[in-house]
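Structures follow.
Next come two complexes, and both contain subunit A; in the first it sits with subunit B, in the second with subunit C.
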Partner chain A sequence: MDPTFLKQQLLMNIILMGAMLLGALATVMLRQLVKAAIALAFTSVVLCVVMFKLNAPWAAVFELSVCAGLITVVFISAVSLVKPATEEERAAHIRFKTRRYFLLPLVLLLVGVGLSYVTGQPLPLPAAEPAGTELRSLLWGPRALDLLGQVLVLLAGVWGVVMLFKEEK
Partner chain B sequence: MNLVSLVMPFGVFVALLAAVGLYCLIVTRDMLRVILALEVITKAVTLLLIVGGLVSGHMALAQAFVITLIVIEVVVIVAAAGIVIAVYKHTGTLDIRRLRNLKG
Partner chain C sequence: MPSLLVILPLLAVLLLNLPLNFLRRLALPAALLLALYQAAFALGVLPACCAGCPTQERWFLNALDPLTSVLLLAIAIVAFVSVFVLRATAGEERREFNMLNLVFLAVAGMNGLVLVRDLFSLYVFLELASIASFILIAAHREMGGLEGAFKYLVMSALATMMMLASIALLLALSGSTSFGAVAEALQAHARHGYVLTALGLFLGGLLIKSGVMPFHGWLPDAYSAAPAAVSTLLAGIVTKVTGVYALIRLVLDVFGFTPATQQLLLIFGAISVVAGALAALGQSDMKRMLAYSSISQVGYILLGLATGTGLGIAAAVFHLFNHAIFKTLLFVNAAAVEKQTGTRDMNQLGGLAQKMPITGVTSLLAMFSTAGVPPLAGFWSKLLIIAALWLSGFHGYALLGIGASLLTLAYFLSLQRRVFFGLVRAGCENVREAGWALTLPSLLLAAILVGVGLALPWLIGTFLLPVKGF
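== the complex of A and B ==
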C-alpha cells in the first residue's frame, strides 16, 4: 500500500480515537446526567465511524442503532424518572469531582506511555479466514445456538423495560 | 508502515478508554454514573474485538461477536436501569453508599 495513504489513514484513526476518548471523558465527568448520556451517544457514533473504516459495516449499524439510539433513549428515560439535583447536591458534586478525578489525567498518561512501549513490536499476522466466509453464514451456522441465547436475553431485556415503566398501584 | 502498525494505536486507545471507565467505576457514588462507566468499558471491548478481527483477518467472526456483545450490553443496561429506578423509588437517593441494608 502507498505509505502516504497509510500515514493519512493513521492520522485519521488517531483523530477519531481522540474524539472517542474526549466523548468518554465527557461521559464520566459531565455533571448533568442527560448531557453525559448525550456524550455517550457521541462516543458510540464515533465508534460506529471507526467500525465502518475498519470494514465492519454490520457491527457499525448495530452500534449506531442500538448503542447510540436505544441505550440513549433508555438512559434518558431513566434519568427523567429521577428528581433533578438540588443546589446543595450540585455543589457537593463539583467538590467531589475535583477531589476524586484529579488523578484521572495522570492514570491516562501512565497507561498511554506504558502501552506505547509495550505495543512497539508488531505482531505476526495469523492466516485470514477463507474467502466466502460471511457474517450471515457465521451467525446462522456454527453460532445458531448462541442466537437462541440472544433471543432469551432480549426477552429478559423486554421484561426489564416493562418493570422500568410499570405504574405503581 | 504495514497494517499492524496502522492499527497499533487502537490498542493504546482501547486501554485508555477502559482506564477512563474503570476509574469512573472506582470513584463514583452515583448509581446511574456506574451504568455509564460500564458502557464506556463496553465501548473499549467492542473496539478491541473489531481491531482483533481486523488484525487476525477474521472480521466476520469479530462482527458476529460484536453483535452478540451489543445485544447483551443493551439488556444489561436496561436491567441495571430498572434496578436503579427501583432502588431510587425505595430509598429516594442514587447514592450507592446508602445501599447498606444488608450490611452485617
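== the complex of A and C ==
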C-alpha cells in the first residue's frame, strides 16, 4: 500500500482517538450537566466515525441512536432535579477533578503503548458485515437474542429513571 | 422451553404495567409463580441433563446442561425468597411494585446469562442483571444505598470495559463470538500476545464482578447498604451468576485450563478465603460480616475450580449452589433481625434466640453449613473441594482451606453470641419473631440445607459428578 496513504490513515486515527479522549475527559470534568451531555454526544459522534472507518456502519448508526435515545432521557430527568452550584462549589469541584484526573491521559497513553508491546504482531481483522446486508436478517437472525437482551436493558434503564427520579415529584 | 425463562419476565413487566389498577396487585403472585415455574423446569430437566441426553434444539436458547440447570434452580429459589423478603420489608405498595419489576428484569438477565453460549450475548445479559441490581440497591434513595450502588456501578463499568475489550480482541481472532469458535481460535493461537491480553482482560473483569479480593471494594458497601430484599438477591445469586458462574463457564468451555489460569485462580482463591474470613472477624455490622463471608466462600469456589479435575469442578458448582442457599438464609435472618430491632449493629443486640426462635435456629443451621459442620450441605461441598485440592497435589491450599473453615466458625460464633445467645439486651425485651413472610423462607432454605446434606450419597453420583461432563 502507498506509504503516504498509510501515514495519512495513521494521522487520522491519532486525531480521532485524541478527539475521543478529549470528549470523554470533558464529559467527566465539566460541572454543568448540559455541557457534559454535549461533550458525551461529541465523543459518540467521533466514535461513530471510527466505526464507519472500521467498516461497521450498523454499529455506528446504533451508537448514535441509542446514545440519543435512552441516555438523553436519563440526562433530562437528572438535569430537571439538580440546582445550580454556587461559585465556591464550582471552584472546589474544578480543583478536585483536576487533581484527580490530570494524569489520566498519560496513564491511558502508557497502557496503550504497553499493550502494543504485549500483543505483538497484529492479527488480520475478519471481514465486517458488509454495508449492504439486510439489517432485519442480521437482527432477527444471528443477533436476535442480543436484541431481546437490549430491549430488556432499555426497560431496566427506564425503570431506573421511574424509580429514582419520578417518585420524588 | 428455556427461552420462556427470559421471555416470561419481560411479558410480566409489560402486562403488569398496563394502565389497569388491579394488575399491580398481581405482581407479587406473578413473581412467585414465575419462580416456581422456573424451579419446576430446572428440576424437570436436571435428571435428563445429568444422564447425558442431548437436549433438543429449542429456538434461540437451547444450551441446557447440568451446570445451567443447577444455576436455574438456584436463581429460582433465591428469587422466590427475595420476593417474600420484599413483601415483608418494602413498605409502600408503589415501591414494592417498582422493585418487583426490576426483580423480574434481573431474573431475566441471570436466566439469559446462564442459557447463552455466545460471548457478546453473555455480556448483554450480564449488563441487564447488573443494571437492574444498581437501581435496586439505590431503590430507597438513602445515602448509604446510593453510595453502594455508585461503587458497584463504577467497578462494574471497569469490569465490563475490560470484558468488551477482550471480546473485541477475540472477535478479531476468531471472526465470531460463539463459545465454540472462540475456543477453537484460542487453541490455534494459544501463545499469541492478543490471546494472552484478551484472557487477562476477561478474567480480570470476571474477578471484579465476583468480588474476590483484592477487587472486592464495592461488595461490602453494596451488600450492606442495599434494601433487605436486594441484599438477599444480590448476595444469594446476582454476583454468583454474573461473576462466579460466568468465570466457571468460560474457563471450562472457552478459555480452558492453562497453568497460568490455574495459578491465577489458586492465588486469588486463597487470598479471598483467608482475607475475607479475617475481615469478617472484625465487623460489627451484621450484613457487612455476611458480605465479607461471601468473599471468603467465593474463594473456596475458585480453589475447587482451579484444580481442573472433575471432582474439583463438581465440588465448586456444588458449593456455588450451597452458598446461594445458606447466604440467602443468613441475609433473610439479618432482614428479620433488622426489621424487628431496627439495628444491624451486633453490639446493640443479644439474646434474640429467646425472642425469635425460628430465626435463631435457622441462622445456626446456616452458620454451621457455611463453616462446614456435618452433615449439612456446606460441609460436603467444602470437603469435596479440599479433597480435590489434596488429590491434585495442592496440599498447601487444601490445608489453608481447612484452616479458613476454623476462621469461618470463629466469626459466625461471634455473630451468634452477640446477636442470638446470652441474655436479652436492654431494648430487645419486646422483640418478637418476624412475620410469616420472613420465617417461611427461612424454614424452606434451612430444610434445603439439611435435605441436600442428608441426600448427598444419592446426589453425588446422580447430579454432582455429571456436572463436569458438559
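Keep in mind that, in the parts below, the second predicted complex is superposed on the first by the 103 of 169 C-alpha atoms of A that agree within 3 Å, B and C clash if a C-alpha of one lies under 4 Å from a C-alpha of the other, contacts with A are read in each partner's own complex, and residues count from 1 in each chain.
What we mean here is this: contacts are C-beta pairs under 8 Å (C-beta built on N, C-alpha and C of every residue); 3 or more make two chains touch, one makes a residue touch a chain.
From a predicted model like this one, the values you see are computed outputs, not experimental measurements.
Undergrad: Based on the superposed arrangement, let me know which partner A:E63 touches: subunit B (first), subunit C (second), both, or neither?
TA: It touches subunit B, and subunit C stays clear.
Undergrad: Count the residues of subunit A touched by subunit B and by subunit C, then name the partner with the higher count.
TA: B
Undergrad: Touching A:M163 in the superposition: subunit B (first), subunit C (second), both, neither?
TA: Both partners.
Undergrad: Return first, second, both or neither, reflecting whether A:L115 touches subunit B, subunit C, both chains, or no partner chain.
TA: After superposition on chain A, A:L115 lies in contact with both partners, subunit B and subunit C.
Undergrad: Once chain A of both complexes is superposed, is A:L148 in touch with subunit B (first), subunit C (second), both, or neither?
TA: A:L148 contacts subunit C only, not subunit B.
Undergrad: Just which bits of subunit A does subunit B share with subunit C as contact spots?
TA: 115, 119, 123, 125-127, 143, 146, 150, 153, 156-157, 160, 163-164, 168
Undergrad: Under the stated contact criterion, what part of subunit A meets subunit C in this complex?
TA: 115, 118-121, 123, 125-127, 143-146, 148-153, 155-157, 159-160, 162-164, 167-168
Undergrad: Touching subunit A in the complex: which residues of subunit B?
TA: 1-13, 15-17, 19-21, 23-24, 27-30, 32-33, 35-37, 39-40, 43, 46-47, 50-51, 53-64, 66-68, 70-75, 77-79, 81-82, 84-86, 88-89, 94
Undergrad: For subunit A, which residues are in contact with subunit B within the complex?
TA: Per the touch definition, subunit A meets subunit B at residues 3, 6-7, 9-10, 13-14, 17, 20-21, 24-25, 27-28, 33, 36-37, 40, 43-44, 47, 50-51, 54-56, 58-59, 62-63, 66-67, 70-71, 74-75, 77-79, 81-82, 96, 100-101, 103-104, 107-108, 111-112, 115-116, 119, 122-123, 125-129, 133-135, 137-139, 143, 146, 150, 153-154, 156-157, 160-161, 163-164, 168.
Undergrad: What part of subunit C is in contact with subunit A in the complex they form?
TA: Those in contact with subunit A are residues 6-7, 10, 13, 60-61, 94-95, 98-99, 101-102, 105, 108-109, 112, 116, 118, 120-121, 124-125, 127-128, 131-132, 134-135, 138-139, 141, 169, 171-175, 189, 192-194, 196-197.
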